[in-house]
Amino acid sequence: MSEQLRTEVRSWLENNVPAGWREAMTGCDQDAFVAAQRDWFFKLVEAGYATPHWPERWPGGGRSLAEQKIIYEEVARADAPRLILYFVALYHAACTLMECGSADQQQRFLPGILKGDVWCQGFSEPNAGSDLASLRTRAERRGDVYVINGQKTWSTMAQYADRCLLLARTSSDGRPQAGITYFLMDMRSKGVSVRPISQITGDDEFAEIFLDDVEIPVEDRVGEEGQGWAVAQATLASERGLTLVELTQRMRHSLGRIGEVMRARGCADDPVLRAAFGRLIPQVHAACALADGYLQKRISGEEVVGDASIVKLYYARTLREFVRLGQQISGLDGQTMEEFTRGGSQETGNWAVDFMNSYNWSIAGGSDEIQRNIIAERMLQMPREPRDWRWQKGA
Amino acid sequence: MSEQLRTEVRSWLENNVPAGWREAMTGCDQDAFVAAQRDWFFKLVEAGYATPHWPERWPGGGRSLAEQKIIYEEVARADAPRLILYFVALYHAACTLMECGSADQQQRFLPGILKGDVWCQGFSEPNAGSDLASLRTRAERRGDVYVINGQKTWSTMAQYADRCLLLARTSSDGRPQAGITYFLMDMRSKGVSVRPISQITGDDEFAEIFLDDVEIPVEDRVGEEGQGWAVAQATLASERGLTLVELTQRMRHSLGRIGEVMRARGCADDPVLRAAFGRLIPQVHAACALADGYLQKRISGEEVVGDASIVKLYYARTLREFVRLGQQISGLDGQTMEEFTRGGSQETGNWAVDFMNSYNWSIAGGSDEIQRNIIAERMLQMPREPRDWRWQKGA
Amino acid sequence: MSELLTELTDSTRSVLDSLGPGTAEETIWTQVVDLGWLLAGVPESLDGLGLGPAAVCVIQQELGRSLSAARYPAATLVIDALVAAGESPLLERLPLLLTEALATAPLVPPDIEISDDGRLSGTVRAVWSVDRASDILVWTNSDVLLVPTSAGALKARPTWDETRRLFDITFTDVNIDSGWRLAQGAAAETLVCRIETLRDFLLAADAIGGATAALESTVNYLTERKQFGRPLALFQALKHRCADLKAHIAAAEALFADTLNQAESGFGQPQAALLAREAKLLATAAYTEAAEEAVQLHGGIGMTAEHPCHLYLKRAQLNEHLGRRRVSDELELATCQFS
Amino acid sequence: MSELLTELTDSTRSVLDSLGPGTAEETIWTQVVDLGWLLAGVPESLDGLGLGPAAVCVIQQELGRSLSAARYPAATLVIDALVAAGESPLLERLPLLLTEALATAPLVPPDIEISDDGRLSGTVRAVWSVDRASDILVWTNSDVLLVPTSAGALKARPTWDETRRLFDITFTDVNIDSGWRLAQGAAAETLVCRIETLRDFLLAADAIGGATAALESTVNYLTERKQFGRPLALFQALKHRCADLKAHIAAAEALFADTLNQAESGFGQPQAALLAREAKLLATAAYTEAAEEAVQLHGGIGMTAEHPCHLYLKRAQLNEHLGRRRVSDELELATCQFS
């Protein structure tokens, strides 16, 4: 059964991954990238490979986690483009709607996702990175609408989004988490403005969202007022594991790139570089094994808190080693500013860019430091810093 | 002037360093080591090279820090035995007496040091390592004596000591530091017992000291009651810098040992090991430069808090790298238990033992972790953890 | 991990826990034999438990965890080689090897030669408890032999890791009895590959067990020990270092499980040996790191012989030099990526 | 550091601080020329300040600290080579080079050859602002030349570090004018050694300046930025990482000062080149580490182009590939210990 699926997916990918997409996506602008993502998305939707995690009544839906894993592995193996533009829609938005949305909301929004609606995430704020509970964007109820004021940041490709998963504060009473409410915001609403963030790679994959008296109808609130925190937690876990299976498999398939570059630059016989390469290989394989093992645990229900942190931390560290070696073997030429490739894995062979992008994994989605805290406190049972340790100047 | 001293010392060392002392001190027992240390000590005292830091009226005394540095450098260069047994006597005890001792105490104890009295340090306690202020050994005044009860640990070669620099608590009021008093204790007093600590190398260079109703005459108290903390601080700084100059210079002179072993084991041409060696070399030279620079700052009065921590931390880390490489190049044979050498530097060529001993420098005398705290808080001005952050279970 | 293996882990651990740390070699060995741990990997057709290499490794992981003196890896290598060699007069000795008589094997590749006229010379290093063994497994690229230990000259190789008694055994122009031969030619090549694969997996298992225990001991110490009015475990810098260790050990463990799973169908093939080497490389590195950090984070107490902390360090460091040398491992792993 | 050098540091820093970060190349260059920084290493007999390489390095350290676009190292290499070559017709061009006309030099060893009939061919990589220079300093093992840039073909080498505009220049069978020659034979060997020594010290100085600034910026950010109700600078794990960076930078700085001091009497001797390479190796490694940690510890803000954090990263990473390659450096340093 699972081998059959693998064969099916593999053969479909062989016939459908756009030939030369890496070349086409190298040095292209973001609009061209968005167009290519749309094409690829519709192909995947049509084949049923975009929504394996959706319930059975949806096209392509009803796949087990094990089957989803096979699809991700094959996508990585085939070096297909990553579906960056639709990630939030297919996972976070869809899972939020299915798990916490009303029947009406499901009816109104889920079909749109399959038709290509782009969603973005409005969680992070300039002063609430890993500390989500401290977010400050406010939502004030006025009759049938909420009026939103505030600012969001680090929203992936928000400039192309149709809708936004928005967290905002409806109350300041009680625990900081308690006053947060979850909304589905139309990005075309009056008062929404988006400013792409210029990244150190020259790309602007992320954006800031400014919210100035934006009105959201009450029917676009998910769950009750003050339940946003719980809804967000359910949402955040939706793709946990799968992404890291895909990323680690892509890293494994990219090991060959190191060999290629070493050969091309005539340093394949340098024993010092070779030894560094040899040290990296088991680390990459271990990252794959960790991601696989984690998903197995999720499937079998044995997951414990901290498991996901270990996978993410180890992946981020290994990726850093990987791209560092890439830079080392590519020497001075590797420092040359070259057009980068959009939609690929983290190891495009443009090592300077890859190195910079590797920080996406050590900083975003819970930094390495946050993961270490979780591992130490939740897995190793080392004591948490007491909540009432508050800093006072001059203490 | 300084070049003349250098020539003098160098030539004296050429004629006086016991030939073959390393061989003689390899596999010998501690008594033989103590005997050899005595011989070497008296030679150095006679030549005036044991007490360059003492005031001018003492034999060998009155040397500037720069001159002391020259002597240490030459001792390292000549690979002379380290004067481990007399270190506390010559530095901590002597400086305590000279800076804080009464005329009577100076009269009674300083000449004895030159005649070979061995002193040990009674500062650390089982539950007060880096946190000296929390020590618990108690001194109770009863008429003309103090009665001491408690336990000291990590006292270098206390089993051979005639006298002990002892810190004990005379009061529990006020700040923890405030109730500490400084004593000069006769190790032959009734109630003193010494138990060598068996180390992981098989050596027992350190000892525990048990104090059971030990009486110390009031005239053997240094300074007033409660001033022990200040006296100890003065004492601890007395050899600061000089030891690290000696140790880093010894490490530099030991670089050749790595080359010798690589040649002897036929791995001198292994490029991976060679590259590791090449990486180590500038680190060792930097450790030397740091130690030198630190002493220069002391001489010129430009020392700032944290300078010493940087030197110690960097030395400890570099030493670890050094002995790690030693183990790596010596392979399986390096794991064989062999007789170790007493009185040498940290890089004796018995790499497994050297590796274990390297922890002496990353743990004792303020661990790496304590040094990092000092550097972060005192040099980089990062905030200290508030004093009132006290841990309560269940917080 | 299958339920069976989880049970095996639990039962092995409970036996070892009840024996306590520092149990003498012969005491623990009696248990190993009596409890049938040597049978774990032997096929049911030969009256074994038929649980395969994974079970053998599970047992070694627990032995490693408890810093055990049991020469289980050495004995297991011989038993596995005997079984894998298939029908041979030597196979008749299997029941005895599983119960009374002892055979051992080196933990690094033997440095021996066989002359054209069939004489064995050279030194086999790092053989566990060969003084108590009747036979020793040795190999070249083209021969695998089970040689009576009486044919060689023993020399103790006392290592800092005193939990494992190692020896060197030197053979000088020893006439090879044809009855000693387990495999020759191509069959020997496959068998050697199998032996080295199992050895490296066993070393990896030992390392993972030891690393896990070293970290546990460290976390416990940090939690109990107070300084400046609070437990050391509350200091974030120490917490983060423990978290990193945990991640490295988990990665080594995941790689170990994955490579063993992949290799199980093809023990004896070069690909399996390579997988084992990867597992061993990462596991021994994690062990060394965990043990080194354990000593540092235990502070002074970690430098005293009375605390067991140093036993991890010494065992971990020895492990790095068993199997093959690390540097050459790394180079060979890279080479495979190029071919 | 002598009082003079401390003053030079202060005055250089105050000029650069007043210009502010990101000052355009030509603006800063005007300052460099006008303030006489090019004169720092020139002997007083040639109307310079006679402060030697230490002063030149002090200036570069400050330029590195401010991520300056000034092609000071390239210009300085030419000036120093001209002076060191001694009496020659080329020396007459010194005053002009110090004021108006510009000469530059590559920051990696030139990959060029001179044929038996005196023709120059090959590519000189990583030449700073050669498009604005009249001449370029190039060398082989046996010749040092000051070649008009018009003799070669330029190609931009845009690097991620945009604070330094690098180019490659290719010469194809260029007839060498005897007036271009600064040194030949043994004299050239010495001069090349001197050039590479100064280059490596300048790169080390740049790295130390940059690393120090990156760490300062990080500590400031951590101190200002609050999370979970307290400044990030209060988290011990982050404090310890900053402390390690501080120690590594201090070590690189100490080695730099020490090696420069040792080398000063013998610029041009192989021993001095070796010392410079050590200094450069450690300094660039410290810079990379500081810059990489800076981005991580700045969190998301460190990944935005608007915060200058990434400029340190890009400059640090480029520095590692200037001078010589690190790996070969390490091997050569070891070789010296064996000889």
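Per-chain residue numbering starts at 1, and chain names A, B, C and D are given in the order in which the chains are listed.
We adopt the following convention: a residue touches a chain if its C-beta (ideal position, glycine included) is under 8 Å from a C-beta of that chain, and two chains touch if they have at least 3 such contacts.
All of these numbers come straight from a predicted model, not from anything done at the bench.
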Using mean Cα positions as chain centres, tell me which chain lies farthest from subunit C.
D
Name the chain pair with more contacting C-beta pairs, choosing from B-D and B-C.
B-D
Interchain centroid distance [CA atoms averaged], subunit A/subunit B, Å:
53
Separation of subunit B from subunit C, taking each centre as the mean of its C-alpha atoms, in whole Å
40
Overlap residues in subunit D, where contacts from two or more other chains coincide:
231, 234-237, 239-240, 327, 330-331
In subunit A, the residues touching two or more other chains are 271-272, 275, 369, 372, 383, 389, 391
Sort out for me which residues of subunit D touch subunit A in the complex.
108, 125-126, 157-162, 226-231, 234-235, 237-238, 295-296, 299-300, 302-306, 309-310, 313-314, 317-318, 321-322, 325-327, 330-331
Within the complex, which stretch of subunit B touches subunit A?
271-272, 275, 383, 386-389, 391-392, 395
Which bits of subunit D are touching subunit C when the two form their complex?
235-237, 239-240
Per the contact definition, I'd like the list of subunit B residues that touch subunit C in the complex.
124, 127, 129-131, 134, 153-154, 197-200, 202, 270, 272-273, 327-328, 331-332, 334-337, 352, 355-356, 359-360, 362-364, 367-369, 372, 389-391
Subunit A to subunit C touching residues, read off their complex
255-256, 258-259, 262-263, 268, 271, 274-279, 281-283, 285-290, 292-293, 310, 313-314, 317, 369, 371-373, 375-377, 379-383, 385
